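Chain nomenclature is as follows: A, B, C and D, assigned in order of appearance, with residue numbering initiated at 1 for each chain independently.
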């Protein structure tokens, strides 16, 4: 769906990371974890294109000045990296946005009996929070969070409050273990039960490492990808990635916006 | 000069007319009435060009949270007509702007002993306020203000507070006389003394009528023009108007931004 | 006041209003059905189609630029067989005319493809893309050389009885020469413009951003160039024109119509707002009402200049 | 770290850094002296000059467009006599090289004017505008026909010993052909691009906004087209290129240099921010320092592709 939204809050939770809460229609509650929204930052033509962000959290709130009871909200967690996110970060309460979503295919929870291994790098943690919230109802959830330094590892307390067991690694060791989160992850993966599921979101090299580990230990694995997007609805073919059967002569392209952003790691070509 | 400025207030004083006060360096006090500033609405490329606005008022204010004493401010009075002014109208206190100015040539007061006949149409009143403020020190000042309806005739109370005698005419008669301000003006002009000076700002047809009356009654007259502008400093040659000697074979173009916006009405070609 | 007339005729295709979607920016229509009523549109133009499925270019394929975007999709498409099997059934469910945008890698392929499409009753007309700047083989030559354009359009004309629109490239010295060549070859309408060839660079990586190095520039940035070309061509050719390039609003669309376009196509705007094309169509109707224009056709080429 | 080298050589003109101002957007230099130190610039290019003073077009002459602007100034200028009498004295006060942009209404006028300028010691070089789209007579033909371009550049080459830059129009099918013709005729450097021809319409008035109907599109909107043309020409010709088109920042300028430009010109940005050209020059220096590049010349054409 497409809807007008009003900013409820927009807070810098860590240097250059912002958490923005905005109004949404009740149907937003149908979003699957891993789905995303396309945000039109302002009605001017600079920036021109919408910006994609994962659904970080959903909920309802009591409206202050009206009688209409509880209203729905949507939260995104974003990092300021360029023009669009910089402009987003200057928005205030009551400013307006135009939102498209939820879009794409989200994570599939898999067997509730199996433990869930969530792997997130940097702002890749964003969609994992809403995912964890849903998963903890039925399953044991572990989170492996990585980043360059402690400021990149976000909202760990929130995850812990959900009852998620968290493992952290940073490149510089300022939080958790020093090194790659995939190393910490492999240790635990080796011990994981046969019904475990891996659910990952983060930079491509991290996802690739996770996908290879998943293959090595034969654990089902879903990854959430990023790609430059224009339409978000499968029309422009701007956001494609190579599917497992891809070769130059027999192309197999998938749209990150429509066939993803969450893919079974086995469906993609990682080389 | 070029300076960064902070919005102090931005108030809708009449439907779609806003009065914006912003910080300015002390040198702003050197502005002549009739000069203008070019405002860069935001650092994005939409809108691309700066927007020109007359200096409506200047002054100083006591800063609230610092020790640095009185600071200068600049005020503009603007009408929302398109994209740039619409964006300006959404700015809040503490938002930032980039200003170029004061630019161009302002009004020349003339003999203080003569009475000053100010003629303004719609938002053309804007530069006349600062002008009146300066003129009332030494001279008797009359203001002839016109507009389509009462909402177009701005800040009359402020002019009266300065001791200016005001005459108002509106097309629909909702304020002052019904009809053209130039009719009301002609009545008084006929009675004006030999040292009187006319100083006018408003739409081109009004200025033309005023210029013709000035000629008829042989009273010196200065008019402030508008033109589409890019640079504001006489470099792009986008803002030219025809000077008195203009013909297709012997062109005489003047830059509104640099040679104006205030011209002696005799220096221009009115046909 | 009675409702104004918005319907126009393009090469024999009756459009309920002049607002079409631009090829490559609206998929095969179905993608946008959740966001707007497809019955609001004058026509739907589908993604550029070729005989065989086509992989398109490697990624990145798109990048935002000031007031516009570059794309180098490379004409990825499902090919004629899958189009018939998978896309036509949905298009049958809408009454809005469907125009198929096609291209070939060779002269012969253009003819063959036009022949295949001729047999599809759901297709109201054909738009021939001779202007896509991304495909080295074919594309660029047909679109910039009047003789080559004449040949390919003539062949397509002989291969189909469907209404025939030819889409022009702006990357030429004189668009009027190209327009005339296409009309001489049998084009019943012209659509213009396709994208301007451009490039974007990632300074830190010291690389072009697009894998294809160059791409096609679309969006508001190109509107002045598109308006100028429509105006130039309208002065000279007699067939109806479809104005394309940076149309974001009903005002933009009406400007193209004043310049001489009978209809318009909405492209990049679909990405900014998936309901754009519908909003533009209803916006045109409102404007006609508010300005007392009884028939949109009064505005076609009505620019005073 | 020692300061990086920013100096470059264009056709024998030594620039302290690669940032020049674009003709017609910086007046005769003096207009901008209150807003930036002219000594920060690599070179100043003055407003297009003709033999006689020229009135230019009626107004409106400029209009904002999405991410850009159209101008149809019509090359209003003071003419060679007034240039020498009124403008040269100020230019003598700056050490920054001054390049005179010139054009003629006829072939002969180009030659005559180049000859006159040859005698002015304060002028470091000549930039020949064969690309202005506004003047019917002359401009458009020289800039879009390789043979005409060859002739006019050859004549100018014979008429002056000053360093000779030729400025190319983007309104052509193949800019490389034009570039080669100019180099063959003796151009020692090429600057590109001039403006794209465009148009804007006032819907309510049903009129073109510009009195001249069409105008030249400049600003960020055209940057992708300009980058592409610089890259195309750099692959083929050997003379230094000056990249122009929508440069607003040091990043933009460096992108043009990666694409193959030895220097750049800042145009429309001067209107948005009169100190732009200076800010861009210092911004380039900072970038080189931060990225450990000792010499700007390492970046010229260094795009990996």
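Everything that follows uses one rule, which is that contacts are C-beta pairs under 8 Å (C-beta built on N, C-alpha and C of every residue); 3 or more make two chains touch, one makes a residue touch a chain.
Computed from a predicted model, the values in this text were never measured in an experiment.
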Neighbouring chains shared between subunit C and subunit D, ordered by label: A, B
Chain located farthest away, centre of subunit C as origin (C-alpha): B
Whole-Å gap separating subunit A and subunit D, where each centre is the average of the chain's CA atoms: 47
Rounded Å distance between subunit A and subunit C, as computed from the means of their C-alpha atoms: 36
Where subunit A and subunit B are represented by their mean Cα positions, the distance between them in whole Å: 53
Residue numbers of subunit A (touch at least two other chains): 45-46
For subunit D, residues contacting two or more additional chains: 66-68, 219-220
Arrangement of touching chains [line / ring / star / complete / other]: complete
Complex contact set, residues of subunit A against subunit C: 1-2, 40, 45-50, 98, 100, 227-241, 248, 251, 253, 258
Complex contact set, residues of subunit D against subunit B: 24-27, 31-32, 34-35, 47, 53-56, 59-64, 66-69, 71, 73, 76, 219-220, 248, 268, 270-275
Residue numbers on subunit C that touch subunit D, as the complex places them: 65-68, 70, 144, 171-174, 196-201, 203, 205-208, 213-215, 217, 219-225, 227-228, 231, 246, 251, 254-255, 258-259, 302-305
Subunit C residues touching subunit B - in the complex, by the definition given at the top: 66-67
Subunit A partner contacts - residues on subunit B that touch it in the complex: 44-46, 83, 87
